[in-house]
């Protein structure tokens, strides 16, 4: 048995030093330390292909740059539509604002401000989204699957963003529930106006499962649960199990849903390898993710 | 100010009596009592159309009959793919089993058993799913959108189930992330085998927003969050706000995601009416949902 | 393997019928069903002595009558000081009120109203508490330990309440952190005014451990965690382990504290028997407790 | 409105740089950034006296050194008995060990190992605790209140620890529920063996409220909730409200208990000042506390 070593704080302590120290403690702190170690190992393992799943309002919450960093090591990226929409909104020149969770929602509505807990966004972002889709419709309407559509948006947008990076680095980006997002709404409004576009809902599956088959060794990183986690997990189930796994979620296994299920549960399904290295941290990704990335990046 | 009235338990107490009594207490208990009242009001309001969103592993957890009951009052139903897949699996004659959350996952994997927290399912259900899709492929391949596909499955399956009821009662059933489910996998395997089928990812949106426009007055019921909640919420944003709302979710607003956002937040977005009646209960739907339905059904 | 049986809701369903049905489902619902069964077994087992721990603002939230019911089967009762203070406040004729969690706290302060989430209490309750202690000081100052003090208060108060029932039924009532409560404040104000009273902080321990030794078989019921749970658990550790256990807590084991630790963890400490029957439900006691008691009381 | 600034990770990033950056984001991350700022302000404010409340198994989890650091700025320290017992155990030469939350508890029990989630402790620590109390009984038995007892233990123990530091720095240390701990058990066993010791349960109150009256300006830091938080809060209620506050707790306000109540609620009670600066972070202290302290210590 290894003794717990109390964490000693020092002046000018680096994130990586602190996270290393936490590995020798208990509870979530130790899990964070171990997750950082697994992240480094996953990235250094030349055979390992990383599947990154992103849910929760991470882009509005200021986590975009960190996602961009992680994409440098990502083989397959699966996101909620919301994160991609907010990414595009920022790339079109709009901002998210530091708001107040106790604000009067009726008042905000009158002022045209949408609230995401303590973050505000102006409703007129939708106008610029519409202009973007209007301007580029001829190119967008040719797309026939979701990945293609998202890459095309990434190509067409001027400023750096997640979508653009995925296009430029040719990182497959999947978003099964794209209809459930602002980007989806833009497509809907075009279709409602009589425009033709047919985006097949299942093509993504074929690709992700093919990619999952091709990869010799796989690691999964889940920021939040939801569709991104489940979609990657099912690609493992129908190919080969993953060898590394990090999950950051505030959901709990006792409630039975996929978002809270610990990675270990995936062993029974053949989604995770019996000999794999997994950590499930029950905590808020807006804190855990920056710590994980900052600590890992000192070592790679 | 109304005084809290301590709940008095009596012999043979009915669920509806207990839930009524809880309305006079505090914390989650009061919210449950108020939610029951809102549910009754929503159902009795002839003008109100109910949008039901279902996430979490509710069907495996034995909540199927309750969903079937709720469908009698449902105008639009949005579900995760998983719930529909497990519904179909049961309709094909398979069972979910009472398992143990502490079971050895490696052992389960060897025995071909998938674990969903404390529920087990045999992996060979997939064979019968495949047979079903094989047998009915000619009819299924003609479908061009998700609702049509799900209704068609509901038509083709022999036993009573959620899918069949939606088909028979012509309740529009939407599932934006259908690719992220066992049903999706069946389509994928057909496509992988060279079969042709094109299911448009955005048609659902058109329908749900049209339906949301047509309804004079609307109520939303969210069992869990995820895509079903968000998809319904965005249909409100792009039509008119809902007047009634009940949300049962274990997620918390402080983490910023859509699943945990209180319904009140939707006022800023124009998704919920400023004068609406809303309750967000932070608790496990496997307990809250039966209580809500049992208490409301004594009054309608 | 036993199959999950979907819960069927019927008209006029009794709480006990519903809870029985939940036993055949999954997740928290099943745990509730099993906890009800354990509660019945614990009560029917003539050899079993029940230790009841009460934390959280259960009395303000309207759970007092249920606690009074449970006391009929309780051998040892351990409470936070707050629950006993609020019990005394109600017995002195005051009320708790149904308030609003979104109320303006500055405004409430000006109006002399204390907020407990969505429950309000008038600050002038303290005046009547003071009068009570003033009036009865001569009898109270003779007490030398906490249990004696609490029984004496129970004897002196006119109206029915938890304290009075414990006195009348001679149920030992322990409250290690009595100083941390309104009752404690009353003692403090007397001491601050020069009155003499010495209440030994450790006498309770002697009694509870003696009682724990004498009991052949033991069951524990924890409503919330905190000091009441831990104090009972340590009496088990230093006597013999408990054979039955029910814990209702919103805390999670992953955070490492005693309140969230599952009962199973107590096996390692010798607090819980290896062959015992335990259920830990992660949920809100304001809902779970009424369900448990209502369902069990139909069977005893 | 200030825009959210996405956090940019850089090589060798310091904890304080990262936490500063998080202040410009959303959700818990922003709250952490703001809490760090409040901590620095509270420490730098020469008039402000800091009341530190400690609950949860922080010492076993390796947070002892951080508590020692915080004590340099602490005016009044209130702790659970468990943290002080584990502190004494370590000071007597014992260790806590990195264990496994999935270990077999029956097996651990046979091996004499107590489990605290993923931390192990040998049961024979109790023997050395007993020896310590046996050896020093003559000095300990003279104590008449809890603070005196704890300072005396701090004086008598050889190695550096929380108890020793409180004694040496004359930091008042209160522990209302001392009976609910291993230290309490040692006193109990002496009393059970016929030794005389009378420790008054209410003396602490007198002191803490006096100290709270004397302080011109006050700040509170709550690591977890429980008795330590509530005991400090009531000293504010019966003196003057606190001007600064930081709360780290995994509990939620919706459940109604004191541990989860947001600091803002204290305004209604007169515990917190209407013009105070407060942050309540819903997260695990084993991660938040090291971040807070490391970031603040670069600035003071």
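For clarity, chains are labelled A, B, C and D in written order, and residue numbers in each chain start from 1.
Definition applied: a residue touches a chain if its C-beta (ideal position, glycine included) is under 8 Å from a C-beta of that chain, and two chains touch if they have at least 3 such contacts.
All values reported here derive from a predicted model rather than from experimental measurement.
Student: Using the stated contact rule, I'd like to know whether A-B or B-D comes out ahead in C-beta pair count.
Tutor: A-B
Student: Comparing centres built from CA atoms, which chain ends up most distant from subunit A?
Tutor: Of all chains, C has its centre farthest from that of subunit A.
Student: Go ahead and note the Å separation of the Cα centroids belonging to subunit A and subunit D.
Tutor: Here the centre of subunit D sits 35 Å away from the centre of subunit A.
Student: Need the CA-centroid distance for the pair subunit A / subunit B, whole Å please.
Tutor: The computed centroid separation for subunit A versus subunit B comes out at 24 Å.
Student: Cα centroid separation between subunit B and subunit D, in whole Å?
Tutor: The separation of the two C-alpha centroids amounts to 43 Å.
Student: Residues of subunit D that touch two or more other chains: which are they?
Tutor: 26-28, 57, 60-61, 116-119, 252, 254-256, 282, 284, 286
Student: Would you tell me which residues of subunit A are touching subunit B in their complex?
Tutor: 55-57, 60-61, 82, 101, 103, 105-106, 108-109, 113-119, 146, 176-181, 184-185, 187-188, 191-192, 197-206, 209, 224, 226-227, 230-231, 234, 238, 250-261, 264-270, 274, 284, 286
Student: Within the complex, which stretch of subunit B touches subunit D?
Tutor: 26-28, 252, 254-256, 282
Student: Tell me, which parts of subunit D touch subunit A in their complex?
Tutor: Of all residues in subunit D, those touching subunit A are 1-9, 11-16, 18, 21-22, 24-30, 32, 57, 60-66, 69, 95-99, 116-120, 282-284, 286-288, 290-291, 293-294, 297-298.
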